[in-house]
Amino acid sequence: MNDQNQGARMGRHITARILSAMGSRGSLVRLLVVSIAIVITFSALAPTSFLTVGNFEFLAQATPEVALLSLGISLAMLAGGIDLSVVAIANLAGIASGLVMVTPIGATGGGLALAILLGVAVAVVCGVINGTLIAGLRVPPILATLGTSQLYGGIGLVLSGGTAVSALPTAFTDFANITFAGVPLIFLLTLLLAGLVAFVVTATPVGVRIRLLGANAVAAEYSGISARRVTISTYALTGGLAGVAGLIISSRASSADTNYGSSYILLGIVVAVLAGVNPDGGHITITGVIVAAIALQTLSTGLTAVGVSSDVVSIAQGAFLIAMLAVNVYGGQVVPLFRRRRFRRAVEPAPA
Amino acid sequence: MSTMTSDPEHGSVRPVVEAESISKTFGGVNALTDVTVRFLPGEVHCLAGENGSGKSTLIKIISGAEVPTAGSIRISGHAYPSLRPQQAIRLGVEVIYQDFSLLPNLDAAENIALPLLTLEGKRVASRKRAMKIAEEAIGRAGIRLDLSTPVGDLTVADRQLCAIARALAHNSTFLAMDEPTTALTWREVDSLFDAVGRLREQGVAIAFISHKLQEVFDVADRVTVLRNGRIVETGVPSQYTHESLSQGMTGRKSTSFPRSSAVWAGKPAALRVTGLGRSQLFEGISFTVGQGEVVGLSGLLGSGRTEVAEAIAGVHPADTGHISVLGEECDIRSVEGAVSAGIAYVPEDRLTQGLFLDQPIGDNLSVTILSKFSRAGRIRARALREASRTMSATLRIKTRSLAAPVRSLSGGNAQRVLIGKWLLREPAVLVLNGPTVGVDVGSKFDILSILNAESLRGLGILIISDDLPELVATCHRVLVMRGGRLVDELDSANLSEATILEAISA
Amino acid sequence: MKSLLSTHPRIRRAIGNQEVLLLVIALVIVGAVSVRNPGFLGVDTLFNILTSALVPFIFGIGVTLVLIAGGIDVSFLTVGIFAAYLSCRLFPQADGAPGALLSIAVAVGVGVLLGLVNAVVVLGARLSTLIATLATSAIFLGALFAFIGGTVISDIPHGLVGMNSVSLVRIPLANGGTTRLSALVIIGVVLAVLVALFLRRTIAGRWVFAVGGDEEAARRVGIPIRATRVLVFAIAGGIAGLAGIVQVAQSGRADPTTFIGGELNVIAAVVLGGALITGGRGRVRGTLLGVIVIQIINSALIPLGIPAIWQQAVIGLLLILGVSLQTIANRVRPIRAILAPPASSVPIGETV
Amino acid sequence: MKSGSSMHMSRKIAVVGALMATLALAGCSTVSAGSSGKPAAGTGKYIQVVKISGIAWFDRMKAGVADFAKKTGINASQIGPTTASPELEANLLRSAITQNPTVLAVIPIDPASVETALAQARSKGITVVTHEAPTITNADADIEAFDNASYGEQIMSSLAKCMNGSGDYAQFVGSLTSETHMDWANAGLAMQEKKYPGMHRIAQPFESNDNAATSYTKTKQILQSNPGIKGFFGDSSQDVPGIARAIQEAGLQDKICVFGTGVPSETKQYIADGSADGIFLWDPKLAGEAMLQAGKILASGKKLSAGVDLKVPGYTSMHQSATNPLEFYGDAILSITKANIDNYTF
């Protein structure tokens, strides 16, 4: 990389790789088209309340925590697993760092940084525990993380003494409201982290191993990939993302609590699946996750803006998921407009 | 193609099953091209051909497990563009699949009886009745089988017997047997052939698939030879000799293979195994593979040959014994450990154990060298791609792009990817389990040539296989396993298909 | 640990038997609680556990069916409360024994219909059962609140009240009160027997195992895969409806929010009982044991004097322990022996 | 991700570090203050955000919102999430802010979790009134039906009277994180310790998760492990129905006293046979209307002060809290027993 020219070429190459890892274009295009359709529909239906700067600012502010939790779940899915404990990890991270923040040390700038680091570290440790249960004891991911979700939630409850950890320093709580040119900083932070995740899954050995492990765990074992190490890294990364989400949540809520975000687990899975992440492993799309998170948030905000009750919003989200997946399955046949040249996937194994 | 004509013998008898101009493509690869075969009542019709010639695919199309790309299946005079399995069974088609297609969580009796009870439209699952059906079926085949053990816990041989019994439980008019003897001893093969004889007398049309020439001559009334998805010729066994049939199957005069006998004498063995054992599976396994030597390890399915290979490869490590590579003792506890010791393993089941089917070819190739091609935690993507591309070119993998998924490749090309990924790692020993199963003839020759070339460069190669011509053609020595022990060693002086066959199925 | 287990077949067999393991866990907990609180060991505890296990057990039976067939259903709780609530709304006057039967029949019928909706989504959109039922449960719950109602019905049909008030056994207690076992338990017993008979003694029941064991093999031997799937979803839906109406009868009120978020706990109990999350294995008896062990854990916390704030963490820990033990038990299943008794031919030694 | 081209590990660390530093230090930047002028009190939308939509309690409160709209001609509506989850409520609240209402009336599940959003609303000139959130700081006023301490004390004095001032009792709260429930429980406990030393609370308060099934199950376990228990004190409206069902089943109607928060329609059957002895509550309809009335006064630029009349029964002469000047409470406790339960239809 001494040669500048070569560096630039490599840059282009990595960009291309990251873009290609961001999703099979067909499904991403469909998702984008539908998302834009949602925006146009609600702009027409409720121009006064939907089509406002405030509303879009709200969208950008409300999306980060869901997007980050979904990214974490997507990573677990990439490795062929699932993480149901992300919300519990987020809350535990928020509580742990909140407890440091409310001490006298936390009031100082260094103390605050320490508190934040501690929160993320706690989250990573939680992830490592998940990974160890899954790869070491080979507990199915859905059960392991269900159990740890209870455990982390319970630890959070004990640490916080049952009450919300509040009176956090204003330096921390204002963070959620900072905007650059109308774009909330937490949204930019989310994009940055998404970029980092994209880098990890495309351009690092561990990222490639996570994908291969998720694609075929048996073949990964026969290829000399250490399932234990890779799984633990995956869940540690997922935990870390959940930890940042937890910090964003407590910054936005000005407090940390155990009962926050219970609706996010299923929402996170929905976002990941909607984005086109394969729940059976081996495929992830970072852009898709961000777009899907925004699309779902837009859908619910839009429906609220036209005065529909939140019950209908949940019907709409469920129907949206089924419809998008059905389009992905049948889209090639029904909507030739969206068809892209793709390698034919024979359903059956090659002839024997 | 000129040989495939309606010969006069077919004239008066109406075929039970006819495949008419069947073609089938998988991901752009032609598995079958315009194949027409007739199966007559009371006739054992052998489909002969090498691995990958399309025999199994043809049977799967007749049984409804696959849908043909073109052509139709005619059963008792009615033409069907495609069939569903249920429909085919209802029409009297019964198959013993190569992979057995058993239900691992049900016991043997139920595996045998449930399809029949389903076909009969029964609603109540009577244990008594299931046992009765199963006992009759195993009686008919002269098989001994523990009927109340879950099939997943049976040995490979017993699973094969169970699959045979299931097919015999049903009074079918057409029975296809796809490599039904791979796990059986001679005694079991004899009773299977007796059962086949009785069915023939009852007027059942039988399709018999095998790549073991002797079996073809033993049971067949008619032989159809397939090569690369096309019918090459058809006739009665008396028209053929071993040599002419073999030539028809491979398209070459001789299966003999350019092979150097130069074992790198005086240098430490590439692989030395001493007293290897694993509880209940195998024991006392000792042998060496010299540098530049190609050693075969043969035995029936379930003889322990795969277990020994997987112990050496670290997949399921051995409990006792020693393994050394290039003279250095290594403690192999995991695949990673084996890989870093210099042992590479190409597993038996390419599709589930070897490849990441939906992932790019490039990633499949480079999985073994990710760490080597990384700096500061980041992949040196360009260098890695170069290495993969070079290997792909060396092995002549036919693909437009390394970004395409492996699934888009034919069996032969996929196998090259699998071998290539280990060659990139530059191991001292390459252990291959069934290296040419499901590979077309051209690729088979290429793959064996690649192995030959690598052995000339000093790589020690251990081939686990029951493909007798392949073993004879490529190996310097062949070791034979039975019941978890090494029972014979055939060196180049007395290495032939007949000697191996005798040793493995004694 | 591995070598210890593999060298002692007896230990291996004992640990390998899931149900024995569960019984041991149950006995250990009961023993531990009884030492601290001798009053725990009594008829009233037994009745309490049976009563509180009834509804999760009925739900669990449906979950077991779906798991055996190789799927994961997360919509059963919403199906249950939807069916029960609708039944109460449609026939609020259902009185006496015929009324009770009517309420039950309507709930089961609605459950079957919703189960069929699940089947249509799974088979029609070719979705994994987990994703499909995630989406349908959002839709069912939204539809319940939006179109049927969300307020608690505290005046439920009198037939149901009457059914619950029939006692099988009534025993006076030391504190002057009585403890009783409601006749509702009979529903659980009858259903358990029926489903066990269905699974063991009918061809369709065997198909369920076949489909979950190896779908492709089952297809090849002529088992109707799609019909089996539809049947399983329909039955599971009906069972969920039954569980819902039993819950309403038991609690004397129809509260649409009763079950929110409890899906995974029921699945955990079923898996603890030995059903494989990958399909092909499971039994009603195991599910009963799994549910009871979880109820024992739950009811041990108060007598053990574990502070409320610690309870969630303790449950999480026990859950992790349970699933880990189960996984370990599954891993030590015996291997198929190959090694023949020493043959007459002498094995060749180091000949090279 | 173009920068990814030359991003070494060290660079990556640097970026992460910078990120942390930003997180830690950038908090100083201020939020842009809203500059839009306040709309007049009589115009614009009034939106009420509740904990959960569709349950009896908030349906009753909705009737209060409708009454307010009818009386004043103001466009007032109520929204709430499908499940009682703080993040759903906070998001709904934020999406309500984007509709730029004149008055936001909020009943938070977790007061701390809405503080930031409420600050944002106020910075846009929206008048914010809360309920069941006496510690709130980012509101123009918090309207309570009563003084929390005296509510807890009133439940306790009824319970103590029923128990003749002696014996064990257990307390239930919806969740240990629920501020008002904990206030009532603690006030009750403090009073008992001072005035009724013969009574004794077993353990910490039990959590019912606002779920009658949970309070039922736990009550059975408590009865079983504490055979001598004489009373129950329930804070969540779902506690009394659950506790009373367990008492009813055990046939202990006459031996055990049950008091707590409750809704008449949900507890009538238990009050009738004595398995519950008395419920306390405030009428959500009146509370809902009082919140909006307070909002109307504040939006017109006036201030609330002690003694203010919100023109709603029980809220005609509000008291200002000594601890939080934003908190105003009325005298709207309803005490319901067998004698008067038939007067209430909700």
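Going by the order they are written in, the chains are A, B, C and D; count residues from 1 in each one.
Here is the rule we use: a residue touches a chain if its C-beta (ideal position, glycine included) is under 8 Å from a C-beta of that chain, and two chains touch if they have at least 3 such contacts.
Quick caveat: nothing in here was measured; it's all calculated off a predicted structure.
Asker: Which one of the chains is farthest from chain D, going by Cα centres?
Answerer: So the farthest one, by centre of C-alpha atoms, is B.
Asker: For the pairs A-C and C-D, output the one whose chains share more C-beta pairs in contact.
Answerer: Higher contact count goes to A-C.
Asker: How many angstrom lie between the centres of chain A and chain C, each centre taken as the mean Cα position?
Answerer: 31
Asker: On a C-alpha centroid basis, what's the spacing between chain C and chain D, in Å?
Answerer: 35
Asker: Chain B to chain D: how many Å between their CA centres?
Answerer: Taking the mean C-alpha position of each chain, the two centres sit 70 Å apart.
Asker: Roughly how many whole angstrom separate the Cα centroids of chain B and chain C?
Answerer: 42
Asker: Indicate the residues of chain A shared as contacts by at least two other chains.
Answerer: Chain A, residues with two or more chain partners: 10, 14, 157, 162, 203, 262, 309, 311, 313-314.
Asker: Which chain C residues touch at least two other chains?
Answerer: 141-142, 145, 150, 261, 309, 311
Asker: Indicate the residues of chain D shared as contacts by at least two other chains.
Answerer: Touching at least two other chains: 7, 12, 53-54, 82-83, 176.
Asker: Touching residues of chain C toward chain A in the complex: what are they?
Answerer: 72, 121, 124-128, 130-132, 134-139, 141-146, 150, 261, 264-265, 267-268, 271, 277, 309-317, 319-320, 323-324, 327-328, 331
Asker: Which part of chain A faces chain B closely enough to touch in the complex?
Answerer: It comes out as residues 9-10, 13-14, 17, 20, 203-206, 208-209, 211-212, 215-216, 218-226, 282-283, 343-346, 348-352.
Asker: Report the residues of chain D in contact with chain C in the complex, numbered from low to high.
Answerer: 52-56, 59, 82-84, 176, 203-207, 211-213, 216-218, 220-225, 227-229, 241, 245, 249-252, 255, 265-269
Asker: Can you check the complex and tell me which residues of chain A touch chain C?
Answerer: Interface residues on the chain A side: 84, 133, 137-140, 142-144, 146-155, 157-158, 161-162, 262, 266, 269-270, 273, 279-280, 309, 311-319, 321-322, 325-326, 329.
Asker: Please name which positions on chain D make contact with chain A in the complex.
Answerer: 1-2, 4-7, 12, 15-16, 19-32, 53-54, 77, 79-83, 85-88, 90-92, 94-100, 110, 112-117, 120, 124, 175-177, 179, 182
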